[in-house]
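So that you can tell them apart, the chains are marked A, B, C and D in the order they are listed, and the count of residues begins at 1 in each.
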Amino acid sequence: MLFLSDNAATVHPALWDAMRAADAPDAPYDGDAISAGLDERMSALFGRDCAVLWVATGTAANCLALATMVQPHGGVVCHREAHIEMDEGGAPGFFLHGAKLLLAEGEGAKLTPQAIRAVIDPIRDDVHQVQPHAISITQASEYGRSYRPEEVVAIAELARARGLGFHMDGARFGNAVAFLGCSAAEAAGPVDALSFGFVKNGGMSAEAIVFFDTALADVARYRRKRAGHLQSKGRYLAAQIHAMLDGDLWLANARAANAAAAEIASACGERLMYPVEANELFVRCSSTERETLRALGFGFYDWGDDAARFVTAWNTREDHARALSAAIGNL
Amino acid sequence: MLFLSDNAATVHPALWDAMRAADAPDAPYDGDAISAGLDERMSALFGRDCAVLWVATGTAANCLALATMVQPHGGVVCHREAHIEMDEGGAPGFFLHGAKLLLAEGEGAKLTPQAIRAVIDPIRDDVHQVQPHAISITQASEYGRSYRPEEVVAIAELARARGLGFHMDGARFGNAVAFLGCSAAEAAGPVDALSFGFVKNGGMSAEAIVFFDTALADVARYRRKRAGHLQSKGRYLAAQIHAMLDGDLWLANARAANAAAAEIASACGERLMYPVEANELFVRCSSTERETLRALGFGFYDWGDDAARFVTAWNTREDHARALSAAIGNL
Amino acid sequence: MLFLSDNAATVHPALWDAMRAADAPDAPYDGDAISAGLDERMSALFGRDCAVLWVATGTAANCLALATMVQPHGGVVCHREAHIEMDEGGAPGFFLHGAKLLLAEGEGAKLTPQAIRAVIDPIRDDVHQVQPHAISITQASEYGRSYRPEEVVAIAELARARGLGFHMDGARFGNAVAFLGCSAAEAAGPVDALSFGFVKNGGMSAEAIVFFDTALADVARYRRKRAGHLQSKGRYLAAQIHAMLDGDLWLANARAANAAAAEIASACGERLMYPVEANELFVRCSSTERETLRALGFGFYDWGDDAARFVTAWNTREDHARALSAAIGNL
Amino acid sequence: MLFLSDNAATVHPALWDAMRAADAPDAPYDGDAISAGLDERMSALFGRDCAVLWVATGTAANCLALATMVQPHGGVVCHREAHIEMDEGGAPGFFLHGAKLLLAEGEGAKLTPQAIRAVIDPIRDDVHQVQPHAISITQASEYGRSYRPEEVVAIAELARARGLGFHMDGARFGNAVAFLGCSAAEAAGPVDALSFGFVKNGGMSAEAIVFFDTALADVARYRRKRAGHLQSKGRYLAAQIHAMLDGDLWLANARAANAAAAEIASACGERLMYPVEANELFVRCSSTERETLRALGFGFYDWGDDAARFVTAWNTREDHARALSAAIGNL
């Protein structure tokens, strides 16, 4: 009964079918018909023109998106515990040619206009200090919290007022939309680019960079090739994304993961470090309690000395979730 | 009847099976058992210890390999028409942080010790000129020519004498081995790292960087993550490589492609710009002749004004190859 | 009566003389006799073999030194308020190709082994997090505090134990030596490279990078050229450094600056935010008090809302220092 | 009697005077009054608005200028023997973050629209090949040839038509103007940025980047700091440039150097590899002849096996030039 992460879950059957269906000769790279259809699909989903690039990883998606907004001498405001700061092996420094991450505070790894201003207002407007060029937020956040549409709008307004690009890391975007009960467009708000994640949500190897400012996509295409991320058989990635969009599979998968998380959360009460607004739970429990859970067959990560992290996925079995819920209730 | 490229051919059924077989929970990234088994497989194939990293593209494989051998202020000697120079969108400049490609001449896009010395000997040993740090050759070359084992050894000796790293771009390594009729170890010779390509040879999205100097692999692991190339579900890439190695499928596929190329070559006579030593043919023919071939249903690229390029793949049908052979004979 | 900074003070007459004396034809770049003599001079001063490169700025000195110790995928542990983090316009990101600064805490902008361990011990030893490659400290620190020789040794031991490079930003190294009353060798301790600053200490445009690990210098020479820092008339920079070393002018200048600072400090009592161990004073005073001082003709920077920063220089007049001391005493 | 290079010549007395005159307290970096006056001076010289940044080296000037025009994934068209390609230690790769130099042919190291088109027209407009972002020419060229105003205009028209930036490396710009007998504005033509060199023309350590597109200067200011090229006592650099502009000293110095070169050229006849249009001579002569000249006390560089390079400077003595002229005549 594994609750380690959603990032290694199996691939949804519909994606296998779609990839097999794509297994016919077509143009290489992103010249195939399947890749070419992505712009229209995403534009329909988001209700505004967008340009879509597939890549294989969230790290590549985030960094290629940011590279279109940030000059090498600039900076990106993000949360101190953002994935781009903590878990991407310095990829932003590579893709952005040494640009700097400017770290902001915020409960549950969420940013607010106030927190962003606390970082950028003290920066002297001179060449000795790195100037902000963009803001990046994570929807849902690294602690499984979702930005309400009005919160995204508020940050977008600050970005616009300060002339900053605005990027959303949506590695678990589906989970946020499922929790918020709003549209994808509302959950993304007026960002310039969204890393729309599918790998954690039942995909194999395809993420979408959705550029709402399509001029940025024209730059990103060159950067994607230059970073070795333009696969020659791109149709297999595009096929995964199409399959995810068909019948809103991405949303169904996310709802399933969220439901399992909610089932577990119902037993956690005061143990929860953060409200559960996606598919991750951060649960206070002692090392003895964690031993107890592991003895019962549950797999998960320690989160510091006094807590555990549980992540559900699109294919988490209901009986596993109920069992974990019960086990936590019995601690 | 498509002879455009092998880079968009369909995926071999055995690889689909292997990927489906890998579709069970396992550790993320390269922590899974399938990825972990690659070192042993490749060490067995090459008869010496090696460390293997999977990546999704040949560009990433080449550039990550070179980045372990070349400091940002150094240079890489390669052929003027090498893929890394001509067709990777400046990726070496990105991955190597501005290191320079030092371009050498050579028939059929092949380097020789003499051609390499012609480039590096005139470089003044001072800080004003970029010093060579590595040599990169392509096996088989961009014009479908294969290096004989002794030719690789001769370049390796020069590399060692000058303290240079030695990399082999093996996007079509299987085709070279199939042509040479030698072992993989002999075709690779004493290089430090080999980009062992599978995508053009029936793969979907997996290439192997084979480090014979395993200390380089320790650096490459960090660089792979930093470049966004560490996929979280890496087992699907590793599974493709295992399937390719099983029963030497890579060699069988390459032989099939080469056989189709040889069939076509048999009709070309003096039209051939280069001996056919892999699965690519560069065939002199006028625009009228190309029109004729296209009218007969053959797809291929023009190569300048007076030639055409035909590429066969693992799945090129024998009747297609025969038909093309006949059509060229009839021109 | 200016106490704004030492970084724009006038040039010491001995340096003008030395530059004029160098105004004869000689080999360009660092091929001249004056540049060639620096290694021996510095080796004599520090009592161990060293290799010296001149550059025009402290930013270049720091970053070129660090670039020899830190791979692009690595990190540099430094204080949260270190100059390389706060005031170099992102230069480390540029020179180190995206390597990351790992920020540590510490009173008075000084690091301790404990503070460094607090940063590096939690870094997971995997490719997802940026690994430390070097430590950089500032002697004297950004708050005018000097590391005692045993403090430098303790950090060096940690660096060695962890396999990290060790760099010292000595923009005000002379002031530290003057305060500590020890030798230059003791104040530098076992660092691998020292940015030995002269510009703030009466120089015009010359800083020395002193490499105690001379293999690093061989790399730095290429990087200096590549960064456009190899001046063709380098002898005028080398001449400044020689003049500074002649009769320990660097130490005399630093003592003069420190003495002026001590004079002012003597009137500050509890107002001092940090002990004065070099030529900088951070003095608590209200905005009204600062107005009073400015009305008396003193120039200085505000330091936040409740303090002022005063910096003395090699040429600070004694009567100015006494006047400021008296004025602060009268507040 | 040295004809090695102008790059290590002594400093003109007027510049010493100007630097000494600047030796008073002022604001650091480029905040001083002397630096602030440069825009106006250069705008007057060129008859159009420009923004001026000082730096210490031509390499920094060239690369900082180009970095404002070229994205990291783009390229710069330059001559195969351009200084940025041959003699800057890979600095363009560093400052431009891996952008590529696209090498064109041309007699005497001069480019023409035709030569540029021969490079850029074959570049496929796709992401696999590096696209040109700018053109850089050298005035006077690396072989001492000067572009006529109409030649610069023709290249500028091509640049505009293709949306490319246009940079001029003017390490010997004064020599070109002196030869052409036109205005500085005519010799620069409609470039976007000019590296206006002074170091080779009697300066110590100051070159000017003259931005005619002043928006580029706003970017370059950040990049200059980030590259460690913002000296804290910048007024000593600015003072050198002012002194050079006073009474057109730059032009007088260049004329003196050119006159010496012309004197020598008058004896060379068919020996000249290129017309002498600045202060460099490339003279065919055998190794025996070179020995003869050296035995007579002349210092110069060999240029390959069958030629010698002679460079005159602002302070080349007339009797030395006459002596060399005579000696060559006597060969």
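Side notes on the structure shown:
Assume contacts are C-beta pairs under 8 Å (C-beta built on N, C-alpha and C of every residue); 3 or more make two chains touch, one makes a residue touch a chain.
Just so it is clear, the structure is predicted and the values come from calculations on it, not from any experiment.
Shared contact partners of subunit B and subunit D are A, C. When each chain is reduced to the average of its Cα atoms, D sits farthest from subunit A. Subunit B and subunit C, compared by their mean Cα positions, are separated by 50 Å. Centre-to-centre separation between subunit C and subunit D, using Cα means, comes to 34 Å.
Chain geometry summary: the mean Cα position of subunit A and that of subunit C are 42 Å apart. For subunit C, the set of residues touching two or more other chains reads 72-73, 88-90, 93-94, 97, 127-128, 222, 225-226, 230.
Touching subunit B in their complex are the following residues of subunit A: 2, 5, 7-11, 16, 19-20, 23-28, 32, 55-57, 59-61, 63-64, 88-91, 93-95, 199-200, 204-205, 222, 225-233, 236-237.
Per the touch definition, subunit D reaches subunit A in the complex via residues 71-73, 97, 127-128, 131, 219, 221-226, 230. Contacts from subunit D toward subunit B in the complex involve residues 72-73, 75, 86-90, 92-94, 96-100, 127-130.
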